[in-house]
Amino acid sequence: MSDLRIAVLGVGIMGADHVARLTSRISGARVTVVNDYLTEKADALAATIPGCRSISDPLDAIADPDVDAVVLATPGPTHEKQLLACIENDKPVLCEKPLTTDVATSLEVVKREAEHHRRLIQVGFMRRFDREYAQLKALLDGGELGRALVLHCAHRNPAVPQSFDSAMVVRDSLVHEVDVTRFLFDEEIASIQIITPSANPGAPEGLADPQIAIMRTVSGRHVDVELFVTTGVAYEVRTEVVAEKGSAMIGLDVNVIRKTAAGTWGGQITPGFRERFGQAYDTEFQRWVDAVASGFNVDGPGAWDGYAASAVCEAGVASLNGGGPVEVAMVARDSIPGA
Amino acid sequence: MSDLRIAVLGVGIMGADHVARLTSRISGARVTVVNDYLTEKADALAATIPGCRSISDPLDAIADPDVDAVVLATPGPTHEKQLLACIENDKPVLCEKPLTTDVATSLEVVKREAEHHRRLIQVGFMRRFDREYAQLKALLDGGELGRALVLHCAHRNPAVPQSFDSAMVVRDSLVHEVDVTRFLFDEEIASIQIITPSANPGAPEGLADPQIAIMRTVSGRHVDVELFVTTGVAYEVRTEVVAEKGSAMIGLDVNVIRKTAAGTWGGQITPGFRERFGQAYDTEFQRWVDAVASGFNVDGPGAWDGYAASAVCEAGVASLNGGGPVEVAMVARDSIPGA
Amino acid sequence: MSDLRIAVLGVGIMGADHVARLTSRISGARVTVVNDYLTEKADALAATIPGCRSISDPLDAIADPDVDAVVLATPGPTHEKQLLACIENDKPVLCEKPLTTDVATSLEVVKREAEHHRRLIQVGFMRRFDREYAQLKALLDGGELGRALVLHCAHRNPAVPQSFDSAMVVRDSLVHEVDVTRFLFDEEIASIQIITPSANPGAPEGLADPQIAIMRTVSGRHVDVELFVTTGVAYEVRTEVVAEKGSAMIGLDVNVIRKTAAGTWGGQITPGFRERFGQAYDTEFQRWVDAVASGFNVDGPGAWDGYAASAVCEAGVASLNGGGPVEVAMVARDSIPGA
Amino acid sequence: MSDLRIAVLGVGIMGADHVARLTSRISGARVTVVNDYLTEKADALAATIPGCRSISDPLDAIADPDVDAVVLATPGPTHEKQLLACIENDKPVLCEKPLTTDVATSLEVVKREAEHHRRLIQVGFMRRFDREYAQLKALLDGGELGRALVLHCAHRNPAVPQSFDSAMVVRDSLVHEVDVTRFLFDEEIASIQIITPSANPGAPEGLADPQIAIMRTVSGRHVDVELFVTTGVAYEVRTEVVAEKGSAMIGLDVNVIRKTAAGTWGGQITPGFRERFGQAYDTEFQRWVDAVASGFNVDGPGAWDGYAASAVCEAGVASLNGGGPVEVAMVARDSIPGA
């Protein structure tokens, strides 16, 4: 009956969102520990939450006896060590993507969890918890549309920080569509090619934007993704599955329809990922908290899904640099008992 | 094989449109005579059309041997005399609404045509030829939705001339929905009430705008119409039928969908009746020309439909002035053999 | 820091939903007491919730020291006594509509709360917490569309129990649009007329369905509502505001768009009020829990709003029986200091 | 003032449509000669049209003094000879795509017309006359969206004849998107790649369906086209331009919106190209007739556009067979004075 005690590591924009989520909207959980490499930031946040302390060392935070489960919102390069610490301490962890920043360490994490003989790691691919993606998945699984054949995706951001580079488009944006593909099609991606058309004049110097990703699954299904992160418009994520007996699309983003003195009809596009996927994050967290409380620990994508996404993105970056199609290199899942 | 020779009476905005339509887009017809009370206007127009003369007297134009059929785009008060002349000359006529400007003269025209024993008069309720209305009618007649129970309409104009008064909202705008109701429901309208809510601050002084018309058909079906002629937006006509086994709506007016830097999605609303109903006018005229050429003379609403619309609008104006529901006074159709 | 302890009175379909909501999705609250006139039902439910007891007398449940606040999901006729008990015990209460079942007792509740000098009563008009209604309200309040002039509403249910009678269409369905009107327009409703067109052949014998409600606000604005509770389709709630400088519509209910072998495009309509307004209930409850915890007690419509809705619906039922427009009889709000 | 006298060569499905179009809907033209390699078919059709003869030799039909202009709806392999005859006879010709069936002969036609010093050839890429494409082109040319960067197209047929093979998907379906790309972007296509995902189980044995075409324009813009000709759904053509300052989409195909007892909302997709592009064909023909009558001869895409489409499709078929990207081989336009 007592609340799940959670440590949130990393309280930047995303981590702070998760702290607010757990504190104000999620039932059955409370944040008892926060941690950040900017210690003062964590201290200040802890002071606003009754019963919450700041712990300056992330591994101490994970090991703290006042912590039942961990949320990782730290920078990617720190994930490997922190995930292994969670495994050592036998604590469930919800890890924001990426699992780790390269394929080798992702695979290492998969193996260590498999050896632990108890699933502890959930990766934060929140789209699986979005109402529309869930409905689309249910529609495909229901069989009404027959076999899915082609997937068209668009992933558009109004703007990105000046530091955003071409490879980040693959690692930070495309990674979501990689997981969506694997989620909807229930199979691995075999190859990927990144096409870089002539760039948006408004994109920062040196940033290849838009990019087009062409993926092929193991069974030969086609996926294309338009990645365009400097549209100047709003946050747009659209997904269309073309199947044997019909097609289905999500992401039309219809709310209030206005007609105005400009002689136009239409509505607002959701401005950012928080507005678009806020419900998905809430659902992801509530279901994860419930799963951990009931002893199942993981409700959604696990370490293997994080590894697979890393492998595809690594191939994508190689294609971006080299230009042609690149095979995705992955070990066979059944080569790791328990993965 | 020779073209139908047509006299167009009245070459104001609407009549000039019809001349252009017959000259440039309608197959099998040509304009041989034009007439207008502004003689110079008709003369100037005739000079631009090979084989076309201007005739200053409308009755002479109707009687001219070089004229096979007549289009009336003259002011309503002149219609009665011109329609009767068409009957006397046994010439088919496509008469822009209204049939005549009052119920008594409309009934007289109905009777005179019935006595003539040959249908000659078609009234220009062009919406019946609009693709969407035709599809809606076919859907209802197909029976899939069961019995139609309720009709919701909206009729919005961006602006009207300063001379537009409250009764004209009924006679010139509502009249279309009166015909649409009779077309879709295949029955007469028994009563009408006009509600005048607090007016749009942007409407001209003295104009009751918006107005809400509440109609009840003979069998008890409900129709409501929002009439709003100073919206400042665009030309909007929307119709929804609610039936026993479902509902259907037309008028969403979707063309190019744009997403722009304002963070919005949507499109243009058609700016005016020409853009919205241009196809309907073209279809109406082509089918009328074909009907006349084949000897059927009338392809669409006839004199009775014009009379019925006059009767409902007259009751509507009475309600506008008096405030409550007003019964529609009409003779029984079978009291006029041949009507 | 400790959770708000809540007694839920009435654990029928709606009350059980609220218990599940408070137990599994709402942060900062837990259900410590349940009550139902079917004692065994309450006992069985309590047994599934850690720390929850069943108390057989509703007034005892309200007075229990283990209860901080109350949720009323009991039948309407019991509300008056239970609300007055909440006031006597100085306990915040979220009362499902109706406030009470007649205008006189609703007014009495308003007066008693006003004399208490502390607001305790929130009425469960959950649509105010629906994302689309909130956006529509914000759009109107933002002034971009100018003054709202007309409101068109449709409220459709696929089916109702055989016991549903014509007055319940007004009291249980229309009541939501009454509150929506008052919420969007920020003024009272002056008169109401219920029109009963020829009935749906599929409606139960004796049920006037559909019904059309015509309302006029104090300042003369027009509202029409189509109420149709045996459509056989799904749960449809649509609201359109026509304003001085444009219009806005909500309720298009677009999710996954499918194209299928029938040669059609489109999607599912939400099947029922839980799917349509589940998010609204969650938001309503979370915000109410937060408000109570912070000492404000009420976050949304209060007792006066419940009284106003009762007054309009009572006039609506009178119109249903008599046929014409009926003035809404309400006391002036400022005649009750503190209301 | 007299009608343009037209010979229609080839009166199969498409040619017969054009005869009906010219006879019943197009102003200022009439069909005086028909021709088909099935002479009896042409004879039978001629007998139904006043003033029309059947001529068994296509070159005689072109040369006939009773013919002012020619419509070619004959099989592609006959086009070269017939187009050259039109040039020799100095007669304007509207030629259904393809211009000719290979790049070399297409180029020869371009050169011969250029040497003739008078433009005579229009190619039947009717989409340029579709209202939505025209609006999209106007939107792009207006500059509001900035430079167009990416084009996404879908081209879906419910079914194709058993004889349809993989190369025909490129030559007969993709060819329209090739022209749309050149029309919207105003530049040539530099390379093309055809991807063949795992095939639709419902596609005929040996037919690669769906196919994905990836094109790159000379300036580096990206185009992708989903070609899927055995969807079992309906006729779907969708086009989305992603530009520097926004995006725009056409082809949503919204008409009557129904809600039915299945609990669904939506509408019919247009079943075939006639319903989808009938208006475009009518507009194309009326404007071509007007252009010829006024001495301009060509109103739309000319021989060069037909040559360019041939060149891209030939490269597409090479990619289909070979698998990788293929450069498009075209002569420079300015190497042919007058082209």
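Just so it is clear, A, B, C and D label the chains in written order, and each chain counts residues from 1 on its own.
One rule holds in what follows: contacts are C-beta pairs under 8 Å (C-beta built on N, C-alpha and C of every residue); 3 or more make two chains touch, one makes a residue touch a chain.
Bear in mind the structure is a predicted one, so any value in this text is a computation, not a measurement.
> Name the chain whose C-alpha centroid is most distant from the C-alpha centroid of chain A.
Ranked by distance of C-alpha centres from chain A, the top chain is B.
> Interface check for copies chain C and chain D. Shared numbers divided by all numbers used: above half gives same, below half gives different; which is it?
Comparing the two copies, chain C and chain D contact each other through largely the same residue numbers, since over half are shared.
> Could you tell me the distance, in whole angstrom, between the mean C-alpha positions of chain A and chain D?
It comes to 44 Å between the two C-alpha centres.
> Just how far, in Å, is the C-alpha centre of chain D from the one of chain C?
58
> Counting in whole Å, what is the centre-to-centre distance of chain A and chain C, each centre being its mean C-alpha position?
Computed value for the inter-centroid distance: 38 Å.
> By residue number and range, which residues of chain C touch two or more other chains?
Each of 232-233, 245-247, 257-261 in chain C touches at least two other chains.
> Which bits of chain D are touching chain A when the two form their complex?
Result: residues 146-147, 149-150, 152, 154, 195, 197-198, 200-202, 210, 212, 214, 216, 219-222, 224, 226, 228, 231-233, 242, 244-247 of chain D touch chain A.
> Can you list the residues on chain D that touch chain C in the complex?
Within the complex, chain D contacts chain C at residues 158, 232-234, 236, 253, 257-261, 263-269, 271.
> Where on chain D does chain B make contact in their complex?
Interface residues on chain D, with respect to chain B: 1, 23-28, 50-51, 131-132, 135-136, 139, 144-145, 245-250, 252, 254-261, 279, 286, 290.
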